[in-house]
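So, here's a batch of structures to check.
Below are two complexes that have subunit A in common, paired first with subunit B and then with subunit C.
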Partner chain A sequence: MDREIKEKIKYLLYPRSVAVIGASRNPRKIGFQVVYNLIKDGYKGRIYPINPNADEILGLKCYPNILDAPDDIDLAMIVVPASKVLNVLNEVVRKKVRSVAIISSGFSELGKKDLEDAIVNICREHKIPLLGPNIVGIINTNNNMNLSFCPHLPFKGKITFITQSGALAIGLIGWTWASRIGISKLISIGNMAMIGFEELIEFLEEDRDTEAVLLYIEGVKNGRLFAEVSKKVSRKKPLIAIKAGKSLRGAKAAASHTGSLAGNVMLYETAFKYAGIVSADGLEDGFDKALALSLQPPLYGDNLVVVTNGGGAGVLSSDYAEKFGVPLKDLPKDLVNAVKELIPPFGSPNNPIDLTGNAYRDDYIRVLDTVFRHPWVDGVVSIYVHAAITDPVEIADGIAQVWRNYRDKPITVCMIGGREVQVANIWLRDNGIPVYPTPRRAISAMAALRQYGLFLERERGNGGMVRNKEISS
Partner chain B sequence: MNIERVREILDRAYEENRKTLYEYEAKEIADIVGIPTPKHIFIEDLESLDTDKISFNEPYVIKIVSPQVIHKSDVGGVVVNISREQLEEAIKKMIDTVKSKVANASIKGVLIEEMADKGVETIVGYIRDPQFGPVVMFGLGGIFVEVYKDVSFRLAPLSMEDALSMVKEVKAYKILSGYRGIPPSDINKISDVITRIGDLGYKFPEIREIDINPLVAYPDRVLALDVRIILGGDYG
Partner chain C sequence: MDREIKEKIKYLLYPRSVAVIGASRNPRKIGFQVVYNLIKDGYKGRIYPINPNADEILGLKCYPNILDAPDDIDLAMIVVPASKVLNVLNEVVRKKVRSVAIISSGFSELGKKDLEDAIVNICREHKIPLLGPNIVGIINTNNNMNLSFCPHLPFKGKITFITQSGALAIGLIGWTWASRIGISKLISIGNMAMIGFEELIEFLEEDRDTEAVLLYIEGVKNGRLFAEVSKKVSRKKPLIAIKAGKSLRGAKAAASHTGSLAGNVMLYETAFKYAGIVSADGLEDGFDKALALSLQPPLYGDNLVVVTNGGGAGVLSSDYAEKFGVPLKDLPKDLVNAVKELIPPFGSPNNPIDLTGNAYRDDYIRVLDTVFRHPWVDGVVSIYVHAAITDPVEIADGIAQVWRNYRDKPITVCMIGGREVQVANIWLRDNGIPVYPTPRRAISAMAALRQYGLFLERERGNGGMVRNKEISS
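What follows is the complex of A and B.
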């Protein structure tokens, strides 16, 4: 893709001025929702509603044509019907707008490929990046830009979510608040007529507001390019992919064994592996892994320790650790002896360390500190099963306090107790610690940190320790 | 690698409008790129066959070469364990059998090979995918591939290290590392074949698919008993 177009992608996400072409006074129209959401959520740029039949929309002066707007426009968001998009686009070009996004549908997804191609050609000719058509919009929590018909901004954080399904974007916003999953940007890419996963991932490589990129993929434009770009970006920040849509294409067309076995899903998984992309099994798993990878350092080395106050949760962790490729090992003798001093005689000083149900905040602190401090230990999963005598918020605070001193080693936490541990969960997440309701999910998140750590170790041709070192390409 | 010669073989197939290379052509390409094959000789003019002049030892395997026959063994186009003495007779019989099963089969000739020892049967494959480009595959032969689809893939070209990790990734890897009296197989040589097949496909976009099935693995070597190369990538 043209370099000038690539360089302008930033205007899609960080525009200083937005024109909404097809802005409306009718609250039931998307042209209203988009302007309303920009204002309501506090977008930190200038807004220019464009509509020939209105003087004012939501207190903002409205212009009959984008050419009348008294300002440079970084981003034109088009919401007029598909049949009017070409006319509007010609005006956008004359205005020398820096980037274009189209919410309107009625293009290739309805068989109107010619119309879509015509739009792409105009944008390409004038070196304007085009997002869409057929998108929900663009959301950036860093400049409070809700340029979409999603009801409100997601919970703010460091995950950028690129989705091929617009409805998923809308649906997940409430979830990000309920689970405190921090989102940096939410980008709906619709028909990917020009800008697709490949270009956005490459842009995000240098984006300081993004620590992890989560992808919901049905199909990419160019698999090989996607793999190459992702591999380059993975060296700097983790990518997580949810692949949907299973195809039998491979099985039909093939004349060889290899061809019949190389189905769509298999090849995507192969490309993910090549690129260091952490593959996720559905939405929940995707966000679980993205959360851990956006908050925690990778797991370098595979000496994982589980610290729990409940035996059953420990046994389950042990099973899942093996299943997800980070099997628990016996601890070094000196560490076992040190832990033994700190726990009751009926606890277990070896991996998983069982503090027993009598463990209070100070017990967690002492044991976690001893474990984190030991050079053999690479990462920790800390489990709390709610008990009648202990306060989960106290425990959570204790865990957060210890980890603050060992930020180069990753931690994930499991808090079992549902409503009883809600406040503790919020406390942990606000302190940068990913927390999950089951051992399975806490271990799976840690395994994702290991998968990414392993990728980085291999990329640097160095099986040894790379902890504490700046990640660079 | 003698790229010119590989190019010649592919071009000839293209001119003759053949999508699948003859096995002797595929084996020649295998030899060129450094993938070991059994000793073999292609006999085009069967009248002039002088069995005494075959330089390698019996027993032999004979295979039909015909543009109409793609799945040779399904139509009696592969016969194994033949002595030098039986060779002429066996060839005649095989041709009759094939002709009785495939009415319009034109016989291009016969491939005579040294019969290989038993070993662990693996499959090495290649496909140029429209989305992902060159991809290699590895698996163990028989039920492991057919029933369990126990295979691993990588994008090509790939490093020796990547190829080794592919071999170790399949669930049936235990069998290659030595299992119940089966000696360990030479996984370095298997990995070497995988990288070579990936390089070959990468260099020649007109190759759409390659199957080495089986690639037989021994403790100290490997042997590609059957090589299929299918064209149609960028030739359309």
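What follows is the complex of A and C.
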């Protein structure tokens, strides 16, 4: 892609001024919702509604044509019907707008490939990056920009989610709040007529607000470019991919949905492995892993320790540690002896360490501190099964207090319970500790940190420039 | 096991009178909590606290010795220290108590096998079923019996959960409320000195309050008996197993936790398959599948249809349907044509049927009704990705309204969203429809219904007596 176009991609995500072409006063129309969401969610730039039939929309002065807007425009968001897009685009070009995104549908996804090509050609000729068409919009929590018809901003954080499914973008916003999964940017890429995963991933390499990039992929435009760009960016920050259309039937559904060639599963898996992309098993696993990778350092080395107050949860953790490629090992003797001093005789001082159901906050603190401090230990999964006698928030606070002193070693937490553990979960996440409801998911998230650590170790061995051990935060 | 002992197992779960031996007035003691929980949660039988040093506990008259209790005792729950259990048990025998359970620990799990054997011998000699020792207690929501130190009753329903991990029993109670996973009985089986999975499963065959049995297993006592009993019971109601200790390390942890010989994974998998037991991948998957199997009829035949309002969720569903053994097929032409009339031109009338994000309650109703009514269709997975324009409760109500007319065909639902879909989820579950947050989990639950349906088809082919197609409710 043309360098000038690439350099302007920043205007899609950090525009100082946005024109909404097709802004409307009818609350049922997307042209209304986009303007409303920008205002309601506190977008920090300037907004120019464009509509020849209105003087004012939601208190903002409205212009009949983008050429009338009294300002440079960083981003034109187009929401007019497909048949009018070409005309509008010619005005956008004359206005020297820096970037364009198109929410409108009715292009290649309905067989109108020619129309889509015409639009791309205009943008390419004038060096304008084009996102879409057929997107739900662009969200950036870092400048409170909800330039979409998603009803809310997602929960703010460090994950950028790029999705080929617009519906998932909308549907998952509530989920990010309920699960406190922090999102930096949410980018619906629609038909990927010009800009696809490749260009956005490359842009995000230098985005300071993004610590991990989660992708929902049905098909990419250019497999080789995708793999190369992803590998380059992976050295700086982790990429996680939910690949849909893996089955024959799924590939057929993807063709009908986004027109994507879902391609050969093995090709994608090979590309992911080559590029250091962490593969996810569906939506939940994708967000689980993205959460861990956005908050925690990679797991360097594979000396993983599980600390639990429930024996059964410990057994399950051992199983999943093996299944997910980070098998538990015997602890060094001195560590076993040190732990033995801290737990009841009917507990277990080896890996998984079983504190027993009588463990209070101070027991967690003492054992976790002993474990984290030991040089043999590379990472920890801490498990709490809600017990009648203990307050999960106390336990969570104890865990957070210890980890604060060992931030170069990753931790994931499992809290088993219902409403009792909800506040504890919030406490942990707000302290940068990813927490999950089952041993399986906490171990799977830790395995993702290991997978990414392994990639970085390999790249370092190859002389590549890789991120430092400590995460910035 | 002796027939007389087997016949008395009902007294462990439906006692008309319970003596708590070791009842206490000290709220920090388990002997207090057990009596308190019985009263607080509304146990419908008679309660006799036994303690030589108290006249009254929580308003109940206290007896110095079980022999003084002025009533027949169906169940003696023992909470005195291990060293005193033998003495107490001799009095229990003299009182002709019908069944015994022991919460106290300090037996084979701490190497005191002789003491445990002595207790078993006494019970066996006097034909008394013994549950435990080293259990957290017995819960039966059908008679409001919280005979345990679990702080609450679980959410009431049709799943009986038998667990070798007591901590999980306690920890998961809150989860059952948060997830509205309905529990009939929660049985902690501790050291399984006499009664194990085998005997309880057999008892549950005729339990009218149990529609599905979920097992957390580290190791069973008698593999052959377990397989035979399970196969017999599976013909009447589904069994689901979470097998822990599958890895070498997990098996070692299990040995340290419950003293179980976790055994060969393949042996267990073979036994599960033979017996029609649905295997679960950890806790979440176990409850997901148990929920579907407790609420829905099995999936007979494998013509599964997915109806979605999100294309991406449809693609993922197709992938998981294939992965979990219920691959989606093309719909019959007449069904495709009928659906085509009901959806927008940019939707998809084939499997997965994509209603598009513009689908309202009535669209779901019309399409689901058309699909369910078609004789080719065996079961349906209905997916809703929260969209800005629709009310999930309306959609949920529409789904429930249609399914009410087709209760012999199973349905599972996926609702993607945050708090917006919470009430819809409650609505669905209270209408007997299992609902999950991702396509993966909704499809996995449907695959469990298929797996069980396949087992019943096979058994029927072999001339076995199997349950009817329609679920009782």
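The rule is simple: the second predicted complex is superposed on the first by the 444 of 473 C-alpha atoms of A that agree within 3 Å, B and C clash if a C-alpha of one lies under 4 Å from a C-alpha of the other, contacts with A are read in each partner's own complex, and residues count from 1 in each chain.
Convention: a contact is a pair of C-beta atoms (placed from the backbone, for glycine too) under 8 Å apart; a residue touches a chain by one contact, two chains touch by 3 or more.
From a predicted model like this one, the values you see are computed outputs, not experimental measurements.
S.K.: In the overlay, answer first, second, both or neither for which of subunit B and subunit C A:216 touches.
M.R.: second
S.K.: Name the contact category of A:416: first (subunit B only), second (subunit C only), both, or neither.
M.R.: A:416 contacts subunit C only, not subunit B.
S.K.: Subunit B or subunit C: which reaches more residues on subunit A?
M.R.: Of subunit B and subunit C, more residues of subunit A lie in contact with C.
S.K.: Applying the document's definition of touch, where does A:266 land relative to subunit B and subunit C: first, second, both, or neither?
M.R.: Touch status of A:266: first partner only.
S.K.: Please identify the positions on subunit A that touch both subunit B and subunit C, taking each partner from its own complex.
M.R.: Correct list for subunit A: 254, 256-258, 262.
S.K.: In the complex formed with subunit A, which residues of subunit B make contact?
M.R.: 19-20, 123, 125-127, 129, 131-133, 135, 137, 139, 145, 149, 151, 153-155, 208-211, 213, 228, 230
S.K.: What residues on subunit A touch subunit B, complex-wise?
M.R.: 219-220, 222-224, 227, 254-259, 261-262, 266-267, 269-271, 273-274
S.K.: Considering only the defined contacts, which subunit C positions touch subunit A in the complex?
M.R.: On the subunit C side, the touching residues are 33, 105, 109-110, 149-151, 163-168, 170-179, 216, 218, 242, 244-250, 252-254, 256-258, 262, 281-284, 309-316, 318-323, 327-328, 346, 348, 350-352, 354, 357, 385-388, 416-421, 437-441.
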